[in-house]
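These are the structures in question, set out in turn.
Paired with chain B in one complex and with chain C in the other, chain A is shared by the two complexes that follow.
Presenting the complex of A and B:
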């Protein structure tokens, strides 16, 4: 069954729009907002993790080889990781 | 036993808060509210109540601070006035939208400019659409009673809304009145500890103050509007309960010698008591006059107002604030709009009175009644008029 995205009517809204189930932001895939996605050139990456630290979405994780990738379900394509990556390992590529 | 004491109303407001088992207060002092801030901080510092008094650096912070505390389930109080209330403006609609019970006293004072510390209602009127329950007190006894009632109303599980209790600055806050303080044990019975719907606690996570996308925002606003409208029935219930326990009756629209009156005047706040004296004088002269006193400004009591004015030929609405470039004072605009669909409705006049502490004694109310009656007799239709302005 498809998960209901919005309360059906104004009557079913919780008082004060309170949300009682924790971690619900996970179900909202903000990745659809992006116009560009980050791509890593692992040959330039020095595994410093600055992209991981600066990602405002917290969607960058380190893989088993020590390199970094963004979870594109949540990456909004802001480009902060590419801007901060001083070895120049990240390029923003247009979605298409 | 309830005790009767002579006390300054601002001090009495703080004493009333002290009877309500609050958990915290954050109050930034501003004339003419300062005595509430000072005395409440004394009550806490003297150990008379077990509560936190947070000294904040501004009103923007005091309202934010009590709202945060309310979200954790605390019973909270703040108070302000004039520019302080305007400085809270950004936060006010958030408190109501988050359905956080907060009780706030507002010592009504004019807003700048010119800079003026005296009494009128120009501070609360710009907050009209903030989604709060807004009450007006006529005298010191009402300040005490309404303060205690406000906690019960705000925290009622079907209400969960902030309340602003308006008391005229200086005219009330700095006047010594004879006030009956209810018995503490009875207050405790009337006002048991708060039972919040949810609290901010890591063991039981809840998100408050969430983002509302275009798909949900309109529904959220409608549900909030309905909550405010529905709050009236619980306010009435609580006022019934108060009357049973303490003997004093409160109504959304109070009337004075109004039942058979052909000419009615509408007031909000402490000037109602002055206008009562004018009504008495004119009644003695045989003029059919009466008074309608609006206690509940939001949610606006349309039904009660219609019932109160249905037999009147002329309704004189007094306003203590200006709606620049509008069709009259804010109370007048509301009353006139509320009566528009009525088949039988009185002629309505509007006097803007008592701005920035300008005194409006009994003879002025007599004059307003008489001047309006003469105009009405000639069938003159007119909009607002500044009463007593020179030139």
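Presenting the complex of A and C:
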């Protein structure tokens, strides 16, 4: 199957509106939705991964030192990670 | 803190790092349903075909021309998630028999919301369970038709204000109790039925893994918190799911071969008000209505405990000359 780009006019829409690219929602950045962003205090982090498992976006990843970081291109700023982080390593900081 | 609790704490690092439901989907902030789908896909793994009935998850994951799914995925109408899921299973079986696809274990999974399961898709779900397809059906219950603007469904709890059961001077919101679909599924003699919540992620993923291994129909009822429709704060999503379990509103149990087992034990139920007070949809409730809800929750919980303590596994009930007393 050949890969198509985003359709520009209705003539370039794929038959049946099929999408040939799995997981191409990554091209759409939802990070602009947020009003607050999470910030990690690595001195308090115990690397348990609670923030990673509870992130509805799946945008939190572990870096090479074992600490967790959110991909701010996708983070919507819901604050679940900051609320669930029981050592209190995550704080929500207002954007801008 | 004992060892088991420590395991629960550090186990998130052991789960599958692959994202099958990728970032960039358009769910609201703090969506419990998107989290549930993400965890479900991690537990199911790559050999899965997902049939998705209409609902929030279909809309937010597949804005044309993008899709958040890294798994084979079919979009369906409201009423036929279970019908197409069983068709996928039958089709895979036929292709495998004819040697057109490699012989490996591919699980058909049908997912739908509470409207697509409890109201509109009930007949196709009942049919699929009755025919005994090798199908996992997961209902993501956010307790109303959230996608179209918070209309009541039969999953909406008593007293909740929605746009079609508004609270005001003449009414206190939803006037009927929540439909108990897991119990209907148990009545279909389904080998594995469970209730789950993404607030207990390891419990949820273990249930999905268990259901995947079942050769035959299985049903998981997942309470997914909806901050938009429940009028709760987005950062309380996980806490709301946990409170639903701790107050006994949504007990987590599994029914395996007819034997009930509570998977998340609660020593003492918290007052139901703890759960209601964080939600704007219950804000109008007066103490006497809360008292009614509390009584009903205790009654339902006792009914469940009665089944947990009283019922035998179906395989123990074979006919051996005389009937079971």
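Some observations on this one:
Keep this in mind: the second predicted complex is superposed on the first by the 88 of 96 C-alpha atoms of A that agree within 3 Å, B and C clash if a C-alpha of one lies under 4 Å from a C-alpha of the other, contacts with A are read in each partner's own complex, and residues count from 1 in each chain.
Heads up, the rule we're going with is that a contact is a pair of C-beta atoms (placed from the backbone, for glycine too) under 8 Å apart; a residue touches a chain by one contact, two chains touch by 3 or more.
As the structure is a computational prediction, the values presented were derived from the model and not from experiment.
Counting the residues of chain A touched by each of chain B and chain C gives the higher count for C.
In the overlay built on the shared chain, the residue A:9 is in contact with chain B alone; chain C does not reach it.
Contact with both chain B and chain C is seen for A:17 once the two complexes are overlaid on the shared chain. Looking at the shared chain after the overlay, A:93 reaches neither chain B nor chain C. By the document's definition of touching, of the two partners only chain C reaches A:52; chain B does not. In the three-chain superposition model, chain A touches both chain B and chain C at residues 6-7, 17, 19, 22, 24.
Looking at the complex, you find that chain B touches chain A at residues 97-100, 160, 197-198, 205-208, 210, 212, 215-216, 218-220, 222-223, 226-227. Looking at the complex, you find that chain A touches chain C at residues 6-7, 14, 17, 19, 21-30, 33-34, 47-50, 52-59, 62, 71, 73-74, 76-80, 82-84, 92.
Residues 9-10, 12-13, 15, 19, 21-32, 34-35, 38-39, 61-71, 201, 227, 233-239 of chain C are the ones that touch chain A when the two sit in their complex.
Remark: chain A residues 5-7, 9-11, 13, 15-20, 22, 24 touch chain B in the complex.
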